[in-house]
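Note that the chains are named A, B, C and D in the order they appear, and that numbering of residues resets to 1 at the start of each chain.
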């Protein structure tokens, strides 16, 4: 029996056909993957299935009955639930409030929180989700938030659950747990549609996979009959190399030295707690760790975006920890001291979305010659520079004046990387540089990072993707509860060893 | 609908011989149930009794005074009235530009420097307020009296000083509590002030506070009849609280406008001068009221005579009040 | 001393009542994510309609009902512009203020050929609650107030319950924080925001009515005179919470009461009355700067909702 | 592309204005007034004679500056609802310079204008400072500061700046006046003054500042995304304060122009002039761009000044004009005309194909 049939679906947006006569059939009880490059049209297709968009053409059948899905409420009634790429959770609300929102049960007019909590607890236990119904969303980890999203669909009695890039934000452990949860769900008779860019995940849990390229279906294949290379080729239309080709590192002098660093968060809790770290010229140091162990704060402290409680940070031998200045100005001094920073949240820190690409390209040095003269900005110079970077880094944009907002995520990221690498910093800090990007874009960015190292510069890489860390790093530091609890060699370590360290189980023998 | 009564004024100046009057209001507007409205009554009387062509212009902002005056001046109106002290600075400017037109300003003497083609009309509000003070002083049972002012400005201080002098003269034991709302339209403040004053034992309140004063009437109406009183200002305000309005200090601006227009029309008026109006000219008075007892009325009449014949010199400012008697 | 306390409390209540009502209106709209800088205008139209209706029907309660209706009608263009047409909400609110003041004075002049309405004869006057109103200090201010005060307090309590205990309230808050989350959970963002903005019109209009048929007894262009903006300030000061807003409005009323009391006990001799009149505003700034500080608005406040965007 | 956009912005603005005027006409006809006569009077009374044209420009002048003030703050993500108070304080300061100092002609005016601007800036400092340092919402502080300005101005005028018995200050020294004979005479003795030159100059300054200078780049970055600005090494707090200072300076110039050009004195005030609040609408209608602000201020100027004549000639209460303005703002904000144009375009396209 087919759970979902989408027949001849076409959806046009101004200037683009996001879905072009798409046929998709999902069998009941299977995990069906959707694979495709950034902007291929996967989210659009699923948003149609969930009733957020109406298709321009085509029809949908659910459990072999023709339906018109007018909105999420309708989708819920049909037993379709969706875990969105960007979480749909109300931050100041509790888990319970988020789950029952839109499907509240009341007694004498008031919401019956108690009953809801009990019900959620029961569901959580049944599927092994370990969610505390009373916790506030703002206080729980990303992985936990995702389980809340899953509970939301279960609470509404969903039979078909769509996961849109659920693993992009998860740690390796969380990914494993999610895979287990998905298998559990299928065992209980649910059907799953799973969007991901990670071929390994497809190979490990999915039954079948449909590949979409530029809005069109390329093929649907049985996972058992294919392999990662074949999938990647189908997806981008050419061979993709997964190996990062890089030579042995030749590290020289120390560029970054962090000693006994303590950083407190807004509540005064030390999140970086006595951390030591050293990065040398000509090497890539990867920081592996589960989200929330102080990675973000470490980077913000090094780059001057967060105050430091205690400790020493030196760049090229010069202490920069206690530069007496306001947040912004301290960040500038550190940038000027030779630090480039690819921030983890490109929309929050990395770009002014309402500036053109040109203005974004000089965000770190607009005030320097030749981009400025006296108190004015030299726009001719800025544009010339932007055009060069656009060309060199293959940023796909109609013009240098196009607003950053209207670029795709991958191209936005390329723009940031262009800006940061082209300044040729002694230390490049790359935080989650490829999050959410397709394999083509990832390949490009990885190459650039290695090139930078090969110029004799230091690179500090923070990523939740173990693959990425293992592939790029010359040395790996594992961070746990604000401390580096161990160093491993990427050439000799295993995912198991890393996983244990990341869970806080320090190695017996010293390295 | 609309103001059909005013039509015909814009006939294109058909009868060159006709005497034409223009009246520019301050920002209070034509029907403000106060000063501007009474002025307009005077103009209407001139229309009825003297056949004068009349036309009003309302000012929305202080900015509008000059354009409005200029508009009338260009129409070559024979007299252009500006109602209110707010015109004090602009009248000389326009008067200089149109030396052949006559202007009249009410409530300001232009600091004494009055151009040839201007007549400045002022009222001795302090004297009228003095009588209001006498009425209050002789009516209070608690010997506590209140005064609510709008914005503390010299003009309103004139009311206050006269009023307090009147109380002092008629009943030295009575205390006057003074408060300024620093507004002319915040009814809530007017009402709060009145409420607080009455609560604290005050039983008669006089106001010179424009719209704020309406709050006084709103409050007094909720209280026992015959025990709590309000005194109105400018025109007879007893309509606002018939059972509680002791009296009102009435300024006959209408009479002033009518008389001066008439004199000008009959070419009996010497311009370039200040015309000060008081009891003698019948331009100020306390409104008739059944609530004023005959013996109080008698006293008031006595004081009035004393002021007219100069026996009492009513203070206009706080400084003068301090040395009063 | 007791007298002074009573007086201060009475003035506080008098001043705070319309502010509370209007600010609670603002609360509904802003909690749903729609900025409402049009409170001033909504109060104005309420004050106007209540006065005119009461004059013509002789019943202040019909006046209040009419005001509610008028507030809803005037809030509608704000809702249409800012929700359906995704206009800038501040712009649309500014337009509401222009519209309300223009229309009401225009109509007053058209109806009465005068800058203000005639005096409202039959008003909503103070209501003594037997027994309770005898309590010293509290009695005369809290239990001898007008129906508007009781309504205002009731609305605060009811709003709290609605906001935090009912489905509607939870959805409203969700829509103001994360409309896309609400939409995907099956809540109609558009519909909820419409309802919230219309409620806002109704409540602000009651606040306006309080000014023209209870505290005062007519409508003119100075009747509201900036109190809508003070209400907006109270809403922000109160951090978009029902009791916070109540507290902020009351604080403001209290500050005014103190400044009035300052005059009556003769402080004017030493301090100019203008300076006393400034006091409430200065006190508010001090309170904000010193103790209250950062106000976190609903996350989606001011952002037009577009399906599918993020 | 951008050319096309600009064109259609102007077209949609014109359509919106037209629709607004139609709404006004309907309101007048319903109430039994003659709309045609009224509008005739409005435009005749504001544009057709040199004097009135001069007065219209005079009315427009502070609206441009107030509009720029609000617009520049909006650009930095701040809502300056305190223009009204900043203008009052600026007026007062410019007046004090105009009365108390004794400087040669020209210089005196320049000093007075600058002092006015600076006073406005200083009055805007507190909301900016509290926003930057304590996170207090600028809207509340601005609203409070407006009232404080009003009372402060009154108490100073009453106790210090008036001769006894007067409700207004003396006139400023002619040396400090912004009125110049040739302009006044060109416009038939209206009160047009050099403030209009200052206003137009400031529109250019705003453009240059925001889109050509480093400071402008920073201000816009902070307005759009303070986190990215911080990342880029900008001092966000300082930029918030600077933005309010500049905004206040523009408001201050509006106030200085009023006292040095239009009035020459200040009276004890019982209420706000409303110019600051109109400035919000002007800025928004002008899409927070300098050119837009100039034109929307002119529209406001014509409607405001012309409405007086409308009442005079057609007995229509001038408040009607506020209804017209509100309607125009709605139509512009909701982009009704843009949507109408779209409908027309698609219909045409459908016919063609």
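In this section, contacts are C-beta pairs under 8 Å (C-beta built on N, C-alpha and C of every residue); 3 or more make two chains touch, one makes a residue touch a chain.
Because the structure is predicted, anything quoted here is derived from the model rather than measured.
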By count of C-beta pairs in contact, the leading pair of chains: C-D
Longest centre-to-centre distance from chain C, chain (CA-based): A
Interchain centroid distance [CA atoms averaged], chain C/chain D, Å: 28
For chain A paired with chain D, centre-to-centre distance based on mean C-alpha positions, whole Å: 46
Chain centre separation in whole Å, for chain B relative to chain A (CA means): 75
Chain centre separation in whole Å, for chain C relative to chain A (CA means): 45
Of all residues in chain B, the ones touching two or more other chains: 1-3, 152, 182-185
Where chain D touches two or more other chains, by residue: 31, 151, 154, 158, 271
Multi-chain contact residues (two or more partners), chain A: none
Pairs of chains, among all present, that meet the touch criterion: A-C, A-D, B-C, B-D, C-D
Interfacial residue positions of chain D with respect to chain A in the complex: 2, 212-217, 220-221, 224-225, 227-238
Residues of chain C touching chain D in the complex: 77, 80-81, 84-88, 90-92, 94-99, 101-103, 105-106, 109-110, 221-222, 225-226, 229-230, 232-233, 236-237, 272, 274-275, 277-278, 281-282, 284-285, 288-289, 292-295, 297
List of chain D residues in touch with chain B within their complex: 31-33, 51-52, 55, 58-59, 151, 154, 158, 162-168, 171, 189-191, 262-265, 267-268, 270-271, 273-274, 305, 307-309, 311-313, 315-316, 318
Residue ranges of chain A in contact with chain C within the complex: 47, 50, 52-53, 71-73, 76, 82, 84, 86-93, 97-98, 101-104, 106, 109-111, 152
Chain A residues touching chain D - in the complex, by the definition given at the top: 303, 305, 326-329, 331-333, 335, 341, 343, 348-355, 359, 363-364, 366-367, 372, 375-377, 379, 401
